[in-house]
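Common to both upcoming complexes is chain A, partnered first by chain B, then by chain C.
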Partner chain A sequence: MYIAFPGSYAESLVNQIINWQCCPRSLYSPVNCPNFPPQPSAGPAQLSPSLSGLSLQSQTPEALRVVNLLQERNLLPLGPVTPPTPCLPQDLQKINCHPEVFRSTLTSIPQTQSLLNKAKLPLGLLLHPFKDLSQLPVVTSSTIVRCRSCRTYINPFVTFLDQRRWKCNLCYRVNDVPEEFMYNPVSRSYGEPHKRPEVQNATLEFIAPSEYMLRPPQPAVYLIVLDVSHNAVETGYLDVVCQSLLENINALPGDSRTKIGFITFDSTIHFYNLQEGLSQPQMLIVSDIEDIFLPTPDSLLVNLNECKELVQDLLRSLPQMFGKTMETQCALGPALQAAFKLLSATGGRVSVFQTQLPSLGVGALKSREDPNQRASAKDIQHLSPATDFYKKLALDCSGQQVAVDLFLLSSQYCDLASLGCISRYSAGSVYYYPSYHQQHNPAGVECFQKDLKRYLTRKIGFEAVMRIRCSKGLSIHTFHGNFFVRSTDLLSLPNVNPDAGFAVQMSIEENLVDMQSVSFQAALLYTSSKGERRIRVHTMCLPVVNSLSDIFAGADVQAITCLLASMAVDRSVTASLSDARDAMTNASIDSLTSFRTSVLTIQQPGLLAPACLRLFPLYILALLKQKAFRTGTSTRLDDRVFAMCQLKYQPLAYVMLMIHPALYRVDDLTDEGALNVSERTIPQPRVQQLSVEKLSRDGAFLMDAGSVIYLWIGRNCNPNFLTQVLGLPNYAAVPLNMNMLPELDTAESQRTRVFVGWLREQRPFFPILHVIRDESPLKASFLQNMIEDRTESALSYYEFLLHIQQQVSK
Partner chain B sequence: MEAAVFILSLVDCCALIFLAVYFVITLSDLECDYINARACCSKLNRWVVPELVGQALATVLMLVSLHWFVFLLNLPVATWNMYRVWKVPMGNMGVFDPTEIHNRGQLKSHMKESMIKLGFHLLCFFIYLYSMILALIND
Partner chain C sequence: MDGLSLLNNPGECVSSTDQKEHPHCCRLYCGPPHHWARPTPAWPRCSPSPHPHTSQADLEEGRESGRDLQHYQSQAKQLCRKLNAQSPNRCTLEAGVMSFHYVLEHGVCYLALCEAVFPKRLVFGYLEDLQTEFHEQHGKKVSTVSRPYSFIEFDTYIQKTKKTYIDSRARRNLGSINTELQDVQRIMVANIEEVLQRGEALSALDTKASNLSSLSKKYRSDAKYLNTRSTYAKIAAGAVFFITLIVYVRFWWI
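Take a look at the complex of A and B:
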C-alpha cells in the first residue's frame, strides 16, 4: 500500500530535509539531525505542548527577539534559513504538512481582517503540490471519505466525535464514518478509524475510482514542434533536441498507449506521416497558413511503441533535412493552431522550440523593444502582451487538456511577454536560453541538454484540476502560477509537473472567533502517465491568534518575500514597474512601523525588527536589484520578462536562491561540521553576506544563484587551491571560460566536487558552473548579485536601511 | 417633440436596465459556479459595446433637447463606460478577461459596478417617466 519514489534526486531531497531545524518528523527524516551549532536564526517559537491556546508564554520567544538592523551586521544564519514552526501541540505539528510542499506566509493566522491589516504583512499560501517525494503513501480504497457539504477529503486534523462520526475541520459539519472505513487494513484491526493512513498522513495519494473521471484516462501524448528556419538551424539546437530525444525515447513517461508526433515549421507547416508500414517518414507540407488543416486524419500522431523505428529514423534525419534551408520567416501562430488541432481530441503536451520573433501568419509580432530604454531609470514599457492571440489559444488548449511548453532559444528580442501567454494559461513552462549557439556558447548548450533530459524524463500528470479549500471564514482572492482559474477555487492544469510552484493570497472574510486552528487543503486530481486517475491531497493546519506579537512571531520571511515578488510582478504588468518597486519598499516600511508601534514596549533608537523578520529588508533590497525589477541597469526586455515568469512559476526554494544567492568561501573547506550522507562527507561552509567586502583577494568563493553557480578566484588566491582543485599552476593560467572542475585525486578537489555536486543534486534543473577571474565577461553578472553593495543606480544595504529607518520614524 | 424625446429615452433606459440585470445575473452565475469563466466573459464582452452605445444615445438625446440637468446626470456614466473600454490593455480579451476575473477581487468589483448602474438606470427611468408624462400633459 505504500509506494516510495526512488531516484537520486528524491534521495537527496531526504538529505535536504535533514537540514531543517524542526521537530524530528518520523515520516521524512530517518536520520538524526546533525549537530549544528546553535543559530540565531528564525527558530521555532518554543512552546510547550500543553499550551494550545491563543497567546504565547510571557517571556519573549526567540522569534520576537528585537534586533537593531543598523547595528548587527551578521544577520544570515550559518546554514540555510529554516521556516518557522507553527505553534501547534506537538502531536498535531508532527503530522502537519511539510513546509517544502505547503507553506504559509504567516504561521499564526490572525483572527480578524482588521488585525491582519494592522500587521501589514500579506497572507498567502505557497504550494509545491506535485513535488517529487521520496515517501508518499498511496491509498487504494473503494470509498474515499469526504465531507458531505464542502467535499473536503478526510485528513489528520478532523475530530472524531465518537467511533462513528467525524467533524470536518473546514466547514465544521458532522459526517458519518462509512462502514468500510472502520476497518484498518494496515493493522488489521476494526473500530479505529483514526489509525487509518488517511488520518495519519497530511500528504497522501488516492487512486481515484471512476466517478472522478469525465472520460477514460488519456494516454500520454507528446507533440514536438520545431522551428526550422535558417536562423534556427544556425544555432544548432536541432542536433541537441534530436539527440536528446533519441537517448531518452525509452524514458518518456507513459505506457503502451503513448503517442508521439512531430511538426516543423518555417514559413509553411510540415507534418510527418509516421504510419506503421512505411519504409521512411513522409513529410507533408501545408503552405496555406491562413487556414490550417490536417493533411491526414490519423498517423500524424502515432503509437510510440509500434512505430519506434520510424520515429528514430525521423530524429536522425531531421537535422540534415533542413541543413541548407534559406527560409527566414517563421509562422509560429499557424503552427500552434495546427498543434492544437492535432491534439484536441486527446489532450497532451506540446513542446515548442522557437528561435525568433514570429513574423508570418496569425499571431505575428513586431519588435517592441527600444534598446535605448534598457537602462531607463523610470518606467519600463511593454511588459504586457501585445496581442490576445496567444492567450486565447492557451485558453482553447486548456479546455481540451493540451499544455504548451515553450523553449525560447534566441539572441534577439522575441517578445516573451506575448509568447509566454501560451504557456502561462495552459499550465506549461517557459525555458529561455538567450544567445544560444552551439559554437559560441558551449555552456548554454550543456545547460540545454541537461534541462531537456530532465524535461523529457520527469514525472507528468495529465488533465489535472486542483482545488484549494480553506476553513470557513477564509477565502482566496488572487492566484499566482501557470494555470487557468476556471471557477472560484478550481484551477485547470492540463499538465502538472514536479517543478511548478503555485501561490495564492487569502483574506479573512469572517472573524475566526472560537477557533483554535484553521486548516487548508490542496487536492490535485490528475491522470498519471500510466493512465491511472489519482488524487494527491495535502493538508496543513495552523493556529489562530489574536495578538499582533503572535502574528509577528509566526511570520515566515522567505514565504512573505516570494509572495510579494509575485504580487509585484502582477503590479508591474497591470500598473507600472515603479509602482511595484514602491509597493515593495513600502511593504517593509509598513511592517516594521507596525512592529515598532504596536509590539515594541520600549522605544529604542535604530531600526528595530523582530528576529524572524530581520532578513526582510535585505530580501526586499535583493528583489529591487533583481533582474525583473531593477531600473538604471541595462536589462534586455526578454531577460526581464523571463525573470518575472520565473518569480511566479518556480517553487519557493529556487526563487529564494534566485533572489538572494548563497555565497560560500571554498578555498578552505574542511570537514568540520560536515554532513554525512550515504558515505559521502559533504562540507558545510558558512553562508556569507553578499558584499565585495566579504570577498578576499587570497580566497576563492562560490556563489549559488539557483540556475547558475559562479566560482570566483581571487587574484592572490591560495596556490594550493589552484593546483589541488583546479589543476592549474597559477592565477594567470585560469582560462576565461572554464565550466568544469577537473577530477583530481586530491582531498581538496574531492571536497569541492562533492560540495558542488550536493548543491546541484538539490534541484531538478542543472546549474552551470562558471569559473570567474578578473577579466571574465561574466564578472559583471557575478558582481550584480552582490546585493549589499552600492551601484550607480541603487542603494547599498546600509543606505537602504537608513532610508527605511527614516520612513519608519516619521 | 419633447414627449418623443422622452419616450425614446425611456425605451433606451428600459433596455439598459435589462442589460444591467443580465450582467448581474451572469456575474452571480459565475460566482456560484453555474458557468465557467470563459463562457461568462464571452457573454458579457458581447454586450459591452451595445451598453456603451445605448448610454451614449441617452446622453446625446438629453444634450440635443437641452435638458441640462439630466444630461449632466448621464454624462459621468457615459464617460466611465468609454474609459473602461479604452483602458483595456492590449493583451486582454476585452473588458471582462477570463484569466483575470478571479484575481484581485475583480469579480466583486464588476458586480458592484453593475449593481450601481442598475440603481442609476432605475433612477433615470423614473425621471424620464415623470418628464414624459409632464411633456404629454403639456402637449
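Take a look at the complex of A and C:
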C-alpha cells in the first residue's frame, strides 16, 4: 500500500514544524543543499504551542532568519541563487518535478485566500514545459491511466488505496486501476502498480494513442517569408538567412514528409514554384495585394527531400536576385495572408524576416514614436497595438495550427507592439536585432547567425495544446506567455519550442483545510517532427501550510520577481507604465510590511526581511531599471516592447539574468571551488554586487546579462591578464569593438574561455561578448546594468531601501 | 475525370485483441476504429479542420460537400471493422455516386474511395501499386508496430502515386495495367449499405440469441426456486398435520 502522508494530522503538523526547523533553505549555499530528512518522532513537549513557539524563536530556520537590509550590504549568495526546497517528506521531494521545469512562487501553499492576502505575495506558477531534457522517460501503452472525473494523468503523488484502486490527488476521486496497469514492464512483474514508470517520475512522456488525434499527425512544414525591399537588401541579412538554411537544411527537424516553401515580398508578393521536375525554381509574382491568391497551390510547398536540389538552388540565388531592387515599399500584411493561405491545410511554422515598418496593403502601420519624447515623456504611449489586423490573423493562424515567428532586423522604429501580436497569439517567438547591418554591426550579425542556427535545428512540436490542472480548491485565472487561450484553461500552441516559458496566476477558491499537500499538473500534447503524437506531463506537489511564517519561509524570490514582471507588463499595456512601476514597488513594500507586522514578534529598527526575501527589494529595483520599465533614460520604444515580450515568454532562468545580471571578477580566476563537468574544470568566481564601487581599476570584470556578455577592462588592469588572456601588450591596445577572446595557449586564457563557454552553454541563444574599456561606446549600457548605483533618473539601492523602509514603518 | 478522392489515412494500429478477431486484417486505414469516433473530453475537439488530404480532394471535386465526405469516412471506418479473414480480398462496394474499392493483402487493407464512373481498372492498378510498394518497404514491420500512424511516411508515396493515376496525360503511360488486370471485371461488386447492414443483422441476431440464453437461464433458476418452495410448503403442511394429530391424541383422546 502506498500512503502519501503517513500519520495523523497532528503528528504531521509536528513533523512539519520539525522538518521546517532542520531544513535550511539556505540561499547562501553555493550548490543545492540537500533537504534533511524529517525527524521521525517529536517529544511531547513540542506539541504545546507555547513551547514550539519558543523553539521557533530560538531556532529560526535559515529562510526566516531576519535580515536588516539597511545594515547588511552584501546579500548576494556566492554562486547562483537556488530555489527553495518544498517541505515535503523526503521520498516525495526526491521525485518532485525539477524546479527548472515547474516552479511556484510560494513553495508552501497557504490554506486560505485570506491567509494569502495577508502575506501580500503573488501566488503563481512558472513553467518551462518543453525544455530540452537530457533524460526523459517515454511510456508507450495502449491505455493512458487518467482520473475519470478531472482527467488528471496518473502521477507519483496519487494514493493507492489498495491494489485495485487509486485516489486522484487533484480531485480526490477514487478510480480503478486498469488490468493493464497491474503489469510493470520495467521490472516485468505483476501486481505492483505503484512501481510503474508513470508513478515513479514526475516528468515523463506518453506516446499518444489515436484518441488523442483529431486528424493524422501533420508533417513538419516550414515556410520562410522574406522581406526583399531595398531596405532589407541593404542590411544584407538575406545572405545570412540563406547561408544558414543551406548549412542546416539537413538538420531541420522532420522526416521524409517534411515540407518547405518560400515567399518573398516587397510591394508585391513573390512565390516560388519548386515542384519536382523543374530545372530551376520558378518565381511567380502576385501584384494584386488587395485580394491575395495562391498562383499554383500544389507546388509552392514541396517535399524537402524530393526537391532539395531546387531548394538549394533557390537559396544560392536568392541573395543576388534582389541585389538591384529599388522598391522601398513593403507589404507585410498581404504576405502574411498568403502564408496563412498556403499553410492552412496542413499547419506548420512561418518564419517572417522583416526589416521595416509595413507600408502597403492591410496591416500597414505608421510611425508612432517621437524620438525627442523618449527620455522626457512622463508616461510611455503606444505600448498597445495600433491595429487589430495582426491579432486577428494570428487567431486565424492558431485555428489552423500555424505559428508565426518574427525576426525583426531594423534600424528604425518598426512598431513591434503591433507586429508582435502575430507571434504572441499564434504561439510563435519574436527575435529582435536593432541596428542590424552586415558591415556596420558585425557583432549583431554573429548573434543573428547563432540564433538562427539554434532556431532552425532546435526541437519543435506541432499542433500542440497545453492544459494546467491544479488540486481542487485552487484555480488558475491569468496566463502569461505566447499562446491563445481556447477554452478556459486550454492553451492552444500551434508550435511549441524548447525556449518558451509560461506563467500562470492562481487564487485559492476553497479553503484547503485538511489537506497536507496540493499538486499541479501541466500536460502538453504535441506532434513531434517525426509525426508522433506525444504527451509530456509534469507534476509538482507542494505542502499546504496555515501560518504566515511558513508561507514566508517558502517564498521563492526569483519566481515572485518573474511573475511580478509578467504582471507588470500586462499592467503597463492596459493601464500605464507609471502604474506598473508603482505596483511593483508596492508589492515589495506590502510583503515586507506584512512580514514585519504579522511574523516578527520583536520589533527592531531598520528594514527587516526574511532571509529568503532579502533579494526582493533589489530585484524590484532591478526591474524598475530594466529596459522594459525604466523611465527617464532614453529608450527606444521597440527596445522597450521587445524587453516586455522577453519578460513574458522567456523561461525564468533567462529572465533572471536579464533582470539582474551576474558580475564576476575574472582577472584572478583560480581553480579553487571549480566545477568539473565532462573533464573540463570550470572556475566559479564569486558573484559581485552590481555597483561601480565593486569595479576596481586594476581588475577585469565580466558581466553576464543573459543575451549579452560584457568584459570590462580596468584602466590599470593587471598586465598579466592583458597579455595572457587578451593577447594585447597594454591597456591602450584594447580595440574599441572586440568581440572575441583569442585562443591563447596559457592557463589564464584557457580558464577564461572555459568560463565564458560554460556561461554560453547554459542558454539556448548566443550571447555576444563585448570587450569594453572606458572609451568604448558600449560603456553606457554596461553601466546601466549597475543596478545598485544612482543614476540621474533613478534611485540607488540604498535610497530605494530607505524609501521602502519609510513606507513599511508608516 | 479528376475526381479520384482517396481516404488515405495511412496510419494503422493493431492492438493484440484486434488481431485475434481478424487474424488477417490489419488496417492501413486509421487507428483502432472503435476508438476513432470516441470524443476525448480532456482535449476538446478544436475547430473542425478537415483532414488535409481529403480536403484537397474535396476542392478538386467541387461538388462533394464536407458532410458527405464525413459520411463516407464513417462508412469506411465501419467497413474496416467488418473486414476479416473470410472477406473477399478484392472487392468494390457501391455507395451512391461513389464507390469504395479495396485490396486486402498480407493483413493490410488498401482502401480507395472514388467516383463510381472512375475506371475500376485504374483504381485496382493504383491499389496494387500501393500494395506492392508498401509490402516491399514496410511489410515486415506490420506485425511489430504499436503506435497509430506508424507508417505515416508512406503518405508521400501515396500522394505521388495518386497524382499519376489522376492525371489523364500520365495515365496513357500506364497501359501495362490494362493487360495485367484483365480479370478486373470479375472482382466482386456489392453495396456498402448491405455489407455494413449484414454485419448489423448478425450482431442483432447475436444479441437476440444472448438475450434468449439469459432468459432461459433465468427461467431455469426461477423454476428451481418454485420447486423448492412447493417442496417446503408440502413439508410444512405435513408437519402441521402431524402436530395437530399428536396434540389431538394427547389431549382429547386420552
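One rule holds in what follows: the second predicted complex is superposed on the first by the 751 of 810 C-alpha atoms of A that agree within 3 Å, B and C clash if a C-alpha of one lies under 4 Å from a C-alpha of the other, contacts with A are read in each partner's own complex, and residues count from 1 in each chain.
Quick note on the criterion: contacts are C-beta pairs under 8 Å (C-beta built on N, C-alpha and C of every residue); 3 or more make two chains touch, one makes a residue touch a chain.
The structure displayed is predicted, hence computed values, not measured ones.
Asks: Is A:477 contacted by the first partner chain B, the second partner chain C, both or neither?
Replies: first
Asks: With the two structures laid over each other on chain A, which partner does A:487 touch: chain B (first), chain C (second), both, or neither?
Replies: Both partners.
Asks: May I ask you to decide whether A:795 touches chain B, chain C, both, or neither, giving the answer as first, second, both or neither?
Replies: neither
Asks: With the two structures laid over each other on chain A, which partner does A:421 touch: chain B (first), chain C (second), both, or neither?
Replies: In the superposition, A:421 contacts chain B only.
Asks: Just chain B (first), just chain C (second), both, or neither: which does A:388 touch?
Replies: Only chain B is touched by A:388; chain C is not.
Asks: Can A:399 be said to touch chain B (first), chain C (second), both, or neither?
Replies: The answer is both, since A:399 touches chain B and chain C.
Asks: With the two structures laid over each other on chain A, which partner does A:283 touch: chain B (first), chain C (second), both, or neither?
Replies: A:283 sits against neither chain B nor chain C.
Asks: Is A:532 touching anything from chain B or chain C once the two structures are fitted on A? First, second, both or neither.
Replies: The answer is second: A:532 touches chain C but not chain B.
Asks: Under the contact rule defined above, give the chain A residues that sit at the interface with chain B and also at the interface with chain C.
Replies: In the superposed arrangement, which is not itself an observed complex, chain A uses residues 399, 486-487 for both chain B and chain C.
Asks: Would you pull the chain A residues touching chain C in the complex into a rising list?
Replies: Per the stated touch rule, the residues are 140, 142, 146, 151, 207, 209-219, 255-257, 303, 306, 345-346, 399-401, 465, 467, 486-487, 490, 492, 525, 531-533.
Asks: Could you list, by residue number, the parts of chain A that touch chain B in their complex?
Replies: 384-388, 391-392, 395, 399, 417-418, 421, 425, 477-479, 484-488, 570, 574
Asks: So in the complex, the part of chain C that touches chain A is made up of which residues?
Replies: By the definition above, chain C touches chain A via 9-11, 13, 15, 30-32, 35-36, 38, 40-47, 49-52, 55-56, 146-149, 152-153, 155-156.
Asks: State the interface residues of chain B toward chain A in the complex, per the touch definition above.
Replies: For this pair, the touching residues of chain B are 30-31, 33, 36-38, 89-93, 98-99, 102-105.
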